[in-house]
Every structure is written in C-alpha cells, then in structure tokens.
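Pasting the structures in now, so scroll down.
Two complexes, one shared chain (chain A), two partners (chain B, chain C).
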Partner chain A sequence: MTSTMSETKIRLADFSFRYGKSEVLHHITAQFPENRLTAIIGPSGSGKSTLLSVFNRFWAEIPEAKVEGLAQLCLAGTWQNLCDRRAPSQQLRRKVGMVFQSPNPLPMSIFRNVAFPLKLAGVRDREEIAVRVENSLRRTLLWKEVKERLATDARSLSGGQQQRLCIARSLILEPEMLLLDEPTSALDREAGAGIEELLIGLKKECTLVLVSHYLEQVERLADRVFEMSAGKLRLLGGDRS
Partner chain B sequence: MNRFGELLLALFSWCCTLLLTATVGILMVFLLRRGLPAFNMALFFGDTPPLDALLLIKPVFDGLFPALFGTLALVLVAVCCAVPVGLATGIYLAEYAAVAPKRVLNLLFDLLAGIPSIVVGLAGFALAVVLHRTFSGGIGPCLLLSALALAFLVLPYLIRATQNALEAVDPVTRRTALALGASKVQNIFYVLLPNRLADLTGGVILAVGRCAEDTAVIMLTGVVAFAGVPNSLLRKYEAVPFYIYTISSQYTDFQELQRGFAAALVLLFLCAALFLLAFFIQRHLKERLFYR
Partner chain C sequence: MSIFSRIVERLFFLAAAGSALLTVAVFLLLLYLALPLFEQGGFWALIRSPWDPGAGFYGIYPMLVGSLSIAFLALLIGFPLSLGGAFFITCFAPLFLRRHLLNLVRLLTGVPTVVYSFAALFLLVPFLRENLTGGSGLNILGAALMLAVLIAPTMIIFFVDALRRVPSGFLQAVTALGGSPAQGLVYIALPLAWPGILNGLLLGLGRAMGDTMISLMIAGNAVALPESMTDSARTLTAHIALVIAADVSSLEFQSIFACGILLYLFTALLVLMVRLLGKFPKRSPG
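Entry: the complex of A and B
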C-alpha cells in the first residue's frame, strides 16, 4: 500500500494495548508528522514508553502483550502494519532507531558499538564501516572526543558521551525515525543540553518522537505535543513547526 | 542481627575459607613431597628414548606417556562431543523453552547431574555389549565409547552453565541488539553468548576436570592397564586416573607407590594446564570479539 499522506509518519486509529488482562492504552487515535519532533509528556506509568514500543514493533517481544485497532508506520512510502506480531521486524527496527532512558552501550569497544548495527545488517566492507562509524560519531559531535580511543570499552565514557554514542549507533543505519525514551533524564544539565542541541539538528533529517518528563525541554524542542494520561493520548496545541 | 552475631558469622566464614585453602595446600604439599622424587623422564617414557616415544617410533611399556596421551584424547573427544549439545540445550532452555517444558527439562537435567558415574559407566558398558553383538565383535569397549559416556556425564554441567549464563544477562543488554534490528539468533550469538564467555568457560573447565579425573566410567567402557598409545578411537587405551587407581590398589614396592603419587601430580598439572588454556582462549576470544 502506498502512502497517501506523505506528511504523516505514524497513524493510530482506535488503538488499544493490553498486558495480559489489563488495558494500558485505550482507544488512541493520533497522527505523528514526518521530519518533526513530536513529544509525549505525562506522569510515570501512564503508558508513554508502551506507546513507543509500538512504533518499532518492540511490543511483539513480550508474549503477554496484545494490540487492537490500527497502528501504521510509513517507511520509504509504504505503510507497515505495526499490529502484526508475526511480521518480520528486523528491517523495520533498522529504520526506526531507539534511544533508551539510560545509556545502554554494549560491553564492547566504542568502534564496535557504533558499527554493531552494520554487522547486523550484513555490511562487511571494513573501509565502508570505518567511514560510516566516523560520520556517525561526527554527527553526534563525539568524534573529536573519542577518535584516539576507539578501541576502549564504551562503558568507560561519561553518561552524556554514552548517550551520544547510543544515538550515533542508532543513526549509523540512517533511520527514518528515532524514538527517544527520556534520553536526558539520566544525565546532568550540561550533558542534557548537548543531547538537546543534537536533536534540534536531527529533526531536519528524520522523524523524532520524544518521551519526556520536562515541560521546559518539550517547549524548547517539540513541534507537536501529546499528553498521555492513564492510557489516553491528547493533543496539546497544534503543529508549531 | 546484632554486632556480635555479625562478627561471629564473619569469623565463621573466614575460618571455613581458611580451612578449605589449608586443606588444598596440605594436599598439594603432601603430593609434591611424595611424588616429586619419582618425577623424571623415566616416569613418562620408561626405557624408551623420549624423542622416539613422542614421535611414536617406539612404544612405551613402562611409562606414563600412553596414559597421558589417552587422557588428553579422551578429554578432547568427550568435550568436543558434549560442548555443542550442552550449548544448544542450554540456549533452548534459556531462550526458547515455554514455562511448562522448561520446568520438566530442568528437573530432568538436575536428575541427570545426580546420576552416579558408575551408573553411566554401566550404561556405556551395556551399549558396548550391544555394539559388540551387532557388529560381530567389530566394536567393543574403546576410547570413543568412553568419551561418549563421559560427554553424557558432563552434559548437565554444560547445559546448566549455558542456561544460567544466558539468563543472567541484564535486560538492558538483552533488548539493545533487538532494538537495533537483530534477529533472535543474532542476539544470542553476537551479544548474549559472547557477553557471558567467562561463565561458559567455567562450565567447560568443570567438564574438562570431570572428564580428566573420572575413573568409574572409563573402567567399564574401554580403559586398560597396558594398551600403548591408541591409534584409533575404536581401540582400547590407557588413562592417567586408571594408572593411579591400578598402582594404588596393586603396588608391590615403595618406588611403584611413589610413581603413583607422581602420576597424581601429573594429572593435577594436566588439569591446571587445560584450565589455563581454556582461560586464555576465553580472554583471547573476548578481546577479538569486542575490542579489536
């Protein structure tokens, strides 16, 4: 199916999500625009992260999870059904990057961490890998800080550097969309500001969905804001882009 | 718990550790004192020139060399048979098995771990008899059969080590590769298993030690006192633990007993060497997989 709404990246219609018998998201209808930063705010446990897990079909990894309604993502002009548990998700997740609340570098070197998605995607050309790792680290303004120690353990970096490394790792496959689950909440103010600058630059190139607790941050960054409350999603204001 | 209780518990733990360490130390000193005087070339090669023995030009009749060779071959074949099966079963239990079959299989493998080695030896012997009858005497007790019986004996350790290692991976690491587009198999082989190499090596070391020292299984499945260096997996063979057992039960003079102690030392050194080898392979692999 070809996209008829090129400016819409994700569309949800009467979408509900259950863990076992308890319904976590209730009948959500919403649209997320392409190449914009859409923020979702709301109290802890309201279902924000659960909604993010729908966008890269991560919910399908949880056996007790069940979804109803319509959830679609437009990738390269084609609508993908996010409610299909059995659909292969590897390609989709390579185009929908995810950055978690706490930095999650794998226990390996800085270089191998950033290059890891290329390995998963079957890229074997060492020169190409080196170039793409460098580009990705430059985009996240990390290259100058780590270029002399690419072989050291990524976990030896500071929290802010680790989070930028995780973003660099997500960007190396040039995703169409990046999901950010409170990416600055585990960082100090300075490191958080660095990540925010990075996100402002990124939203020209890909669609960003940011889950955040900080209203000031959302005001600074977001083009569209949704509020999640007790599993219900509500639009706060229009498109500010 | 009050302060006195805590102190008492700490003291008790410290004493237990000291007791264990001291026991191992005393055992080592005892073995060294009794075995070292017999530790010479003749212990390994008897009257045969060492180079001729090592190149398998001349047989060794009165030395430990054939037994050492047999033990090494036995450990190698048994571990090579057990590791892939143990790893695969451990992966299945940790990553794929549903709750109900997992419970049943866990119980089954715990029972398997508790089977006395003599029972496994008897099963191997029964298999040898069946094979002997089926192939008209072509196959009987031999090195391969011993190795297979030992592999069966150490399988529960390998399965449990793999399963525990995989289940101990933290949830963040577990979901990271999946979120980056890894398939389940890629996640297992690129992230989960390499991250728990130390635990997996621990399982293999345990298996190596058990294969090298077990006597009950091999006594019934192929080991003999004099067989020379085995030139086929289907031949009978000698092994160091059986050599020690034979000497300790049938020695006729002090020198022979001393050779038994020296053989025990050799078995200890052999196990230590194999453990070190496993450790270095693990370190090299980790360096190669993650940091180069």
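Entry: the complex of A and C
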C-alpha cells in the first residue's frame, strides 16, 4: 500500500492493546506527523511505553500481548501493518530506532557498540563502518569526547554519554523514526540538557516520539503533545507543527 | 559473638575440614593399597602396560584408553546436542514450553544409569549390531552414544543457567536494533556465557568418565587395546566393578586401586580447571 498521507508517519484507528486478559490501551485513534517531535505524557503505568512498543512491533515479542484495530507506520512511502505479529520485524526495527529509559550500552568497546547494528545488518566493509561510526558519534555530539578512546569499554562512559552513545547506535542505521522512552529520566540536569539539544537537532531529519514525565521538557521540545491517561490517548492543545 | 554462634562456627569448620581431610585420606588410602603394584615397575609402567594376568602383566593401559575414548566420544556427541537443547530452551522454544522442557531435562538427570543401560541393551545394541557395527553390538560407539544421552541433561542445565545469567537488557537492545534471536545468542549471549558453558562441559566429561553401569553393560568389556569405535573396550570403572570379586590379596585385585587413583586424579584435574575458569575475565562480545 502506498502512502497517501505523506505528512503522517503513524496512524492509529480504534487501536486497543491487551496484555493477557487486561486491556492496557483502549480504542486509540491518533496520527503522528513525519519529521516532528511528538511527545506522550502521562502518569506511570498509563500505557505510554506500551504504545511505544507498538511502533517498532516490539509488542510481538511478548506472547501474552494482543492488539486490535488499526496501527500503521509509513516507511519509505509504504504503510506497514504494526498489528501483524508474524510480519518480519527486523527490517522495520532497523528503520525505527529505540532509546530506552536507562542507557543500555552493550558490554563491548565504544566503537563496537556504535558499529553493532551494522554488524547485525550484515555490513562488512571496514572503511564504511569506520566512516559511519564517526558520523554517528558526530551527530550525537560525542565524537570529540570519545575519539581518543574508541576502544575502551562503553560502560566506562558517564550516564549522559552512555545515553548519547545509545542514540548514536540507533542513528547509525539512519532510521526514519526514533522512539525515546524517557531518555533523560535516569540522567542529571546537565546530561539531560545535552540530550534535549541533540533531539532538537535530530527532529529536522527524523520523526521522533518522546515519552516523558517532564512537562517543561515537553513544552521545550514537542511539536505535538498527547496525554495518556488510563490507556486512553488525548491530543492536547497547541499543535506547533 | 555469642557462645552459640561460636559453637556453630566451630561445627561448620570441623565439617568442612573433615570433608577435606576425608578426600585426601581416600587418595592416600588408594596410594597405600596400590603400593604392591607400583613396586612391580612403577606407576607409569602400570598405566603403559597391557592387561595379561597369565603373563604377569596387570597394566591398565587398555582400560585407560577405553575410558578416555568412550568419555570423549560421548562428549563429542553430547556437547552439540546439549548446546542445541539449551539454545532451544532459552531462546527459540515457545514461552509456555520452556519451563516444561527444563523440568523434563531435570527429571532426566535423576534417571538411574541402569535404566539407560537397559534401554540401550534392548534398543540401541541390536540396532548397531544389525545396521552399523556387526558383531555383538557391544562396543565403544554404543556406550558413547548412551553416555551422551546420560550426560546431556546435566550439560543442558548448566548451559541454560549460563545463558540465563546474561542480562536481559543486552538481548533486548539487540532485538530493538533489528537483530534476530540467533544473532543475540551468537554475538552477545554466547561470549558472555562461555565460562558457564565450559563448566558444564567439564562436568559432563567428569560424569562420562566416572560412569560405571553403561560402560559395563554396553561397551563389551574386552581387555584388548581398542583400535576403532566399533571395538569392544573396558573402562577403568567397569574394570573395578569386574575385578572386585577377585582374591583380595592378588595383584589383579590391587589393580583396581590404580584405576581408582587415575579416576581420582582425572576428577581432581577437572575440578581444578572449573575453579580456574571462574577466575578468567569474561570475554567481551562483539
């Protein structure tokens, strides 16, 4: 199916999510614009992260999870069905990066961490890998800080650096979309500000969906804001896009 | 520290020291009992000579070769089987099935070896005799196949445990980056879990080397030096079981103590290796 709504990246219509017998998300209808930062705010346990897990079909890894309704993502002009558990998800996940609440660098060097998605995607050309790692680290403003110690363990970096490394790792595959699940909540104020600055730069080239607890942060960054409450999604006023 | 705590501490110390002393005492007793054989030509001569009581040779070289051949062949067959089983249980099996499969594997570790031996005697041995090896069907291959089945559950439990210790966040990151479960396993889980996997492997080898019943019933017990997998062989443990009924003052009887010493040293070496492995730094994946 070809996209007829080039401005829309994700569309949900009467979408519900069940975990076992309990319904976690109820009849959601919403659209997420392309190349904008859309924020989802709401209290803990309201279903924000669950909704995020739909966008990269991560929900399909949970056997008890069931979805109903329509959830589609536009990748390279083609609408992908996010409700199809059996659809191959690896290509989709390479184009929909995910950054978790706590930085999760893999137990390997800084260079190998950033290059790891290329290894998963079967890229073997060493020169190409080196160039793309450097580009990715530059985009996340990390290159100057780590270029002399690319071979050291990524876990030796500070929390903020680790989170930027994880974003660099996601960006190396040049995703069309980046999902950010409270990416600054485990960081101090300064490191959080660094991530925010990075996100402002990124939203020109990539669709961002940010789950956040901080209203001030959402006001600073978001073009569109949704509020999630008890599994129901509501568009808040002031669509800046 | 209260008097009660002191007494308990002392009791635990005595229990630990007693166990350690007992282990050393067993070794010294074996050495003492095997002394007449060593006087015949030394320990090395004993493990290098053939078994021919008629000619006055009580060497245990054929048994040593039999034991090592059967144990290593069992490991060669059992290791990939166990690793595959562990991968399936941890990564690829449907979630509801994983727990049941692991319980089944745990149950298999408790099955007496004589049951395995009977199953092999009535099913495997005739099959080998008629389709593969000819002869009596009692040979190294049959014993190794059955031993592989015997040691696989122990190894699977160790491998699963090692793989499950890998932090789930790492594997979650691989999935989120578009990696398959197999890639997560090969690139992340295996490099992190290899000390545990090697531990399981060594303990599997120890179990294969120390088993008596399967080699006694399936390997054929020939005292000649085996030349191929289809030859019959006698293991050190089977030799002990067979010769124990001989005259206690005979050199033939005393050979079982030399077998005991070899098995003891082999087990000690494996335990030492397991201990050393725990001290190695973990390899970085990727």
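What we mean here is this: the second predicted complex is superposed on the first by the 240 of 241 C-alpha atoms of A that agree within 3 Å, B and C clash if a C-alpha of one lies under 4 Å from a C-alpha of the other, contacts with A are read in each partner's own complex, and residues count from 1 in each chain.
The rule is simple: a contact is a pair of C-beta atoms (placed from the backbone, for glycine too) under 8 Å apart; a residue touches a chain by one contact, two chains touch by 3 or more.
Computed from a predicted model, the values in this text were never measured in an experiment.
Asker: Could you classify chain B and chain C on chain A, in the superposed arrangement, as clash or fit?
Answerer: clash
Asker: Using the touch definition from the top, say if A:Gly122 reaches chain B (first), chain C (second), both or neither.
Answerer: In the superposed model, A:Gly122 contacts neither chain B nor chain C.
Asker: For A:Ala151, using the defined touch cut-off, is the partner it touches chain B, chain C, both, or neither? Pick first, second, both or neither.
Answerer: In the superposition, A:Ala151 touches chain B alone.
Asker: For A:Gly77, decide between first (touching chain B), second (touching chain C), both and neither.
Answerer: Neither partner.
Asker: Output the chain A positions appearing in both contact lists, the one against chain B and the one against chain C.
Answerer: 56, 58, 61, 89-94, 97-98, 100, 102, 104, 106-109, 112, 116-117, 119-121, 153, 169-170, 173
Asker: Spell out the part of chain A that touches chain C in their complex, as residue ranges.
Answerer: 56, 58, 61, 63, 89-94, 97-98, 100, 102, 104, 106-109, 112-113, 116-117, 119-121, 153, 166, 169-170, 173
Asker: Given the complex with chain B, which residues does chain A contribute to the contact?
Answerer: Those in contact with chain B are residues 56, 58, 61, 89-94, 97-98, 100, 102, 104, 106-109, 112, 116-117, 119-121, 151-153, 169-170, 173.
Asker: Given the complex with chain A, which residues does chain B contribute to the contact?
Answerer: So the residues of chain B in touch with chain A come to 172-173, 175-183, 186, 190-191, 195, 289-292.
Asker: Hey, which residues of chain C end up touching chain A in the complex?
Answerer: The contact residues of chain C facing chain A are 94-96, 169-170, 172-180, 183, 187-188, 192, 282, 284-286.
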